[in-house]
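Chain naming follows the written order as A, B, C, D and E, and within any one chain the residues start at number 1.
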Amino acid sequence: MTEPLLSIDNLHISFPSDAGPVSVVKSVSLTVGQEIVAIVGESGSGKSLTGRAVMGLLTRRADVTATRMTFQDTDLQTLNEAGWSRLRGSGMGLILQDPKFSLNPAHRVGRQVEEALLLHTRLPARERKERALDMLDKVGLPDPLRVYSSYPAALSGGMGQRVMIAAMLINRPKLIIADEPTSALDRGLQDQVLTLLRSLTEEFGMGLILISHDLQQVSRYADRVIVMRRGEIVERLPASELAQAKSAYTRGLWAARPSAATHGTRLPVFEEETPA
Amino acid sequence: MQHAVSRSLPDPDNSRQRPRWRELSLLGSFLKWLSSFAVTLLGLALVTFAMTRLSPIDPALQMVGDHASQSTYQAARLELGLDQPLPVQFLRYLQQAASGNFGQSISTGQPVASDIARTFPATIELATAAIIIGSLIGLSLGIAAAMRQGGLIDAIARFISLFGYSVPIFWLGLLMLLLFYARLHWAPGPGRLDVMFQYTVKPITGFALVDTWMSGKAGAFRDALAHLALPAILLAFHALAGISRLTRASILSELGQEYVLTARAKGAGMKTVVFIHILPNIAGTLLTVIALAYASLLEGAVLTETVFAWPGIGRYLTTAMFSGDMPAILGATLVVGSCFVLLNALTDLAADRIHRGQIR
Amino acid sequence: MTTAVSVKDLSISFQSARTRFAALRDVTFSVEEGQTFGLIGPSGCGKTTVLRAIAGLNTNWTGSIDILGTPLTPGRKITGEARRNIQMVFQDPYSSLHPRHRIGRILSEPLKLIGTEGIDATVTAALDQVGLPAAISDRYPHQLSGGQRQRIAIARALLLKPKLLLLDEPTSALDVTVQAEILNLLNDLKTSHRMTFILVSHDAGVIGHMCDNGVLMSHGQIARHLDRAALSQLTEEIVA
Amino acid sequence: ETPANALIVAQSIDDAVSFDPAEGFELTTVQSFNNLYQRLIESNRDDGTKIQPALAASWEAGADGKSLTFALTSGAKFSSGNPVRPEDVIFSLTRAVKLNKSPAFILNELGWTAENVDKAIEKIDDTHVKLTWSADVGPAFALSLLTAPIASVVDEQTVSAEAKDNDFGNGWLKTNSAGSGAFKIASYTPHEALVLEANAESSDKPKLETVILRNVPDVAARRLLVEQGDADIARGLGADQINALKDKAGINVLSVPSARSDYILINSKANETLGNPAFWEAARYLVDYNGIAKDLLRGQSQVHQAFLPVGFPGALTDTPFSLDVEKAKKVLADAGIKTPVKVEFIVFNDQPFLSIAQSLQASFAKAGIELDIQPGVASDIYAKGRSGQYQMTLRYWIPDYFDPHSNASAFAINRDNSTNTAAKYAGWVIPEITDETLAAVKEQDAAKRVALYEDLQKKVQKSSPFVFMLQGNDQVVISDKVKNYVQGLNADQVYYDHVEK
Amino acid sequence: MTALSPLSPARLLKRRLTRSPSATTGATIILVVLMVALLAPWLAPFDPNLQETAKRLMPPGAEHWLGTDAFGRDILSRLIYGARPTLLLVIFVVVLMAPVGITIGILAGYFGGLVERGLMRITDIVMSFPRLLLAFAFVAIMGPGLLNGALALALTSWPAYARQARVETAKLAKSDYLAAAEMVGIKGPRLLFGHILPLVLPSATIRLALDLSGIILAAAGLGFLGLGVRPPTAEWGSMVAEGTQVIFDQWWIAATPGLAILVTSFGFNLLADGLRDLTDPRND
């Protein structure tokens, strides 16, 4: 493991509600270096919230506390808005789940890919365009020039996903958080996108947090896996050891997957006290 | 990519909000639009006609007065065509209106068309000035409030807009006159121009600003502008209330969108987010709201026009209403109504243009 | 075995602002009674569109659709007895539950309409069947978890004892453990009620686990008919 | 500040329909006619009862008492430069009768109709015209009719050139002038302004170049304008506003008695109670005359209880009635009228009528008569009056020409409900009084005529479904820079020609 | 979430109201005005219609706290009694306008096609009318009076609701839960009013609260033009109109009812604003 880029200790997130505060993320600690760390788990277990907390992008209603939250040498908890703006897009980036909603429908793709450069550098327009085209090419988009000048609506899901990745990578941030970057895609496209991300992290020497609920997928692309359930981390293990997970829940996740082989049988169900 | 075809399809939900007439070929759609426009106008004319006929006001009596002799009264009825059966009256009216002849106004004795040509520009001028001021201030207030949601600016903006929404306009108008005209002498009195210009500047377009500009008279343009200021600000105050509240609400709801999150993840600050990312996306909505506010100003700010002696279409319609002046009511309603329908259609078109290529 | 659903030359197109988009072109397949029939294909290929046509929710189609021996007529909604025999579980369970009605109302309203006796007992029994406590009928949909909502949607579809159940991505948003519970439940109910399923999913594993046969769709057309063996092979390929 | 050579008048001109003297019958247009046109003869500005020469230098009554011959002054010219000829007089009077617009009934009093008017007016020579009439009235009455605005003389040559579709130039004259008066219309913009310009050809040239009547519909705005010196004259201000302005420096309030009377009209046909003369009498004791005149209208009206206004020959000036609730109650009780009674009271939707009506509402209530005020538009109220579909209403009367008969014919003629008079609207059939009224208009002896009218007034005052309450006082706010502004008793007597600044 | 005990709607509302200061303030203002209207006979120091011409136009003082008007009537008493017709008007308009507009909107939005085109054409026609003119005409036809004025206002303001309801219903018409309802055989009025109405209602309610101040002001405008309530009834709009005659000298006569209108509509606006913030899904 390399020098950690991000370290979080004891992260708590709660929301106020009619019946008092509801705690949704409890005591989560993790570190990320130049590697791919996957967070998997139940839907609603707090994966996305954790990712956003790292970026400082939770709504103001959320109550976030942690004993420690640092990115490289920056203390994230004392950062002001200007500081966050400087950090985001150059230090770390976030790839959101659904390209359909994550790209600004009013701007052309080129403008959105360049934005990080526009905000953080003083590169001349020509050079920005060059780098954007280069990046679009790198993420495997055919005909980057056409993509560059089209609106997001003209892109398919897979293309949009890759545009998002290009936009986040263009300023070479140290850490990328990818929140279910492939859930909307079919298998073929999922593999394409993840392979690309992995090769790019290696090439640029970045850290990647991959949020997903698909264990099989994670086992193939991540270095380490963190399993979350009901706001808590239930297990951490190297991705290669997923099949031999210790916690019952992780094993349940691994085993409950249906396939052609299970046709005609009952799937094993993870048994636990059912919430009232 | 296999998916490119289906993914680039317009969102089915969008097609519903689009005006239907755009679905066909250009000519066909235009005809269709025209026919629905015509139906609306016809309905408008019919309702107005029915209204004036149901009203207890006797136009002939209004015309000749109570002292006139019975024979004069009968002659007036004949002249107004009141002896004809109602459907005949209506058809005759439609026939004339179709050729741009709205008949003679009973209350001014002038052709209604020329009355409208005189009064409508005055209203358009006032409404336009008001909507420009109102939307500029309204947008700024709304944006400022949204950017500091829950803060002091938000509270102030909210107060200003609520106040604008809640204050009786004729009351405020008089107080403004008293303060800015009578006490402080910052603004000229009621009317569109000072007397020394009013009857020397030739009304060519009917827009005081344009006419004074063209007249080349020193100070005339400034005078016109000064007269416009107070009533325009008053109306603007009323209009900005709605505009600022809507701006605030739309920005806030847009702030929760994923693309805003993306922009912020790239390091965009609040200003960049609001001005570069959100505004282009809500431009269509804002345009519609501003257009609606504009339309309501156009259809006559009767009370403001009364207080500021502004000879606009709102007052024209009101005086016509009070004197049972059917030709004037029908004509002015048709013109104002068509403008309204036209404005709506244009706004739809513009909003659509703005959203062209950004279909989500 | 008899044919439960037979679809011939089904074509549907959507008219939008400037273009006409052919979402389905000459789709033909048939489903035997008591089977689980899979509709597979990439996102946007027309799977949901097929289901909505069969369910009578989209009546703007050409071709022919025969359900349990009765033909559907384009432009006409399904009414009466036939209506009860075809039920559907929508792609997103949350969006198919009325957000301002309590679960109790959601489940009892259809029964009230057909004039069933002892509605409360029936509802309680149905909830029990899908493994939910009776107390849940006091809640609103947003107070339930995803799995619970899914089971409500299924319970509602089953209350009318349909002969044909259309399942549109019933587990797409769920994690694997919850998904397993639901798939088991469906299989149990199918055998106990002698129902026919048409199942849509882009998850090869789910298809492979559930289906007896099916079709592979692509861009609004049938690309391949698949029997059980072909299904196994295809889904194994994709997963591997 | 207003320009030195122009007079700016702030008022409402929304009522203006036509500046053709044969048609115009609204306050704004009537007030302009004396400045735009001349008539053969005119009422004296200070004493309206005196008739003095205008375009006619002299006149002579025919022996039969049914004709008049006028000798025209020499040298009078229209604003076009055309001389005033007998043809113009003939044209003006005949077109007024033939057009048959609102004020035509004034000339109809002479028996002139579209058919016979051509014969009734003839040119004797280049300076003389002769008027004959068939109606049973004398030359004195005929002369007073000829002082009405409808008898204004228009320029035949100019107007005929503008005639369209046999309209005798009516369409053109609506917004233009062709007279021999001190001013001519420079421009007229409906609802905006009437601009008068000095008539260079006039024999009596005005002192000011321009008079501008600006339409300022809102009364408060009007007041601000005159207070700030942006208007020289303001008309139609409310009593309280005038009161506030009274002591302001630089502003004078001119109070001119007007011939307007405010009265209550009771429809005696509406129901038994309202038809009971006791109710009429009680009503006379239920008006707070002084309260309305002194407190509410503050000098804009004075108490007046007869149908002829002060200033008309024979006007009764005594005020036998005052607010006396006990008396009213007794009158009602004696007549067996049970209270409370509910009476619908239709009122012009305007000031001062709404104020007066609310005062009446309060005082009538004290005697158990509940007035249900229903504000309405003028023509609606007129229409209800004509058709008799009302119970009680508050109205005003302005004489149409300077003769007692103008009022008498309204209030004291109704033989059999066949002519449109106020008496008919009240359902008050009075054949005897009608005979007296018709005799009075025939009477040639001035003194006897006055006596007849005094008698008529007393009868109407004593018992009739009219309650005469007030005579108007026109209050005009004038900047103290303005001199020699003159306004007379009758509605048309507004003169701008001698005004100086 | 699932562990929450279900709160009763009333308690939930109370809880939420206390969470939004603007909604609380607004509700309090409205409540106070309502109480004043109800208790007018006990609160008012004078008969609101008692004329004392000798004491007209008095400035605020010990006897008449807010002074007297042009007829010498006590302004405070008129202000208190004036709350009644004002609120009555508001209620009337709400009861008439919203249901008509919403029903038309729902019908148009749900059925689409010819029904929609026909209904929307009517809506367009009413919408393209000069609003005040239509109100005038109506009052002119029916005669002035509180109810007619309210009717006139209702007549002119329903289209906005119809439009909004139509757009929302049209969106909903494609929603899965309506499809689901249809699948189980729910149709007709049951579908329109049992299923669609509850979803269209919240935004209409917020809009309504916003509109209320507009209604009071429009009624005041009618009063200003002499078309409002009949004299001598005290109503805020016509009180302002009467007061403007002497606004430069006895400013308080118009100012006090003006302020009352302002405060009341302010109350409704605050409530609407608060309601909007509260029902915003981002706050859940």
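We adopt the following convention: a contact is a pair of C-beta atoms (placed from the backbone, for glycine too) under 8 Å apart; a residue touches a chain by one contact, two chains touch by 3 or more.
Protein identities per chain, from UniProt: A = Peptide/nickel transport system ATP-binding protein; B, E = Peptide/nickel transport system permease protein; C = Glutathione import ATP-binding protein GsiA.
Keep in mind it's a predicted model, so treat the numbers as computed, not measured.
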{"item": "Other chains in touch with both chain B and chain D", "value": "E"}
{"item": "Which of B-E and D-E has more C-beta pairs touching across its chains", "value": "B-E"}
{"item": "Chain D and chain E, separation of their C-alpha mean positions in angstrom", "value": "46"}
{"item": "Whole-Å gap between the CA centroids of chain A and chain B", "value": "50"}
{"item": "Chain centre separation in whole Å, for chain C relative to chain B (CA means)", "value": "51"}
{"item": "Sites on chain A at which at least two other chains make contact", "value": "59, 157, 275-276"}
{"item": "Shared interface positions of chain D, touching two or more other chains", "value": "220, 224, 376-377, 380"}
{"item": "Where chain C touches two or more other chains at once, by residue number", "value": "42-43, 145"}
{"item": "Partner chain E, residues of chain C touching it in the complex", "value": "52, 55-57, 77, 83-84, 86-88, 90-92, 95-101, 109-110, 113-114, 138-139, 142-145, 148, 153, 156-157, 160"}
{"item": "List of chain D residues in touch with chain B within their complex", "value": "2-3, 6, 8, 14, 16-18, 25-26, 100-105, 108, 174-175, 186-187, 189-193, 195, 210, 212, 214-218, 220-221, 224-225, 227-228, 230, 376-380, 382-383, 385-386, 400, 420"}
{"item": "Contact set on chain B toward chain D in their complex", "value": "56-59, 61-72, 75, 105-110, 115, 118-119, 174, 177-178, 181-182, 188-191, 194-196, 198-199, 203, 306-309, 311, 315-316, 319, 322-324"}
{"item": "Complex contact set, residues of chain B against chain E", "value": "12-13, 16-17, 36, 39-40, 43-44, 47-48, 51-52, 54-57, 158, 162-163, 165-171, 174-175, 178, 182, 245, 249, 252-253, 256, 296, 299-300, 302-303, 314, 317-318, 321-322, 329, 332-333, 336-338, 340-341"}
{"item": "Of chain A, residues touching chain B in the complex", "value": "52, 55, 57, 59, 81-82, 85-90, 93-94, 96-98, 100-107, 112, 115-116, 119-120, 142, 151-160, 164, 167-168"}
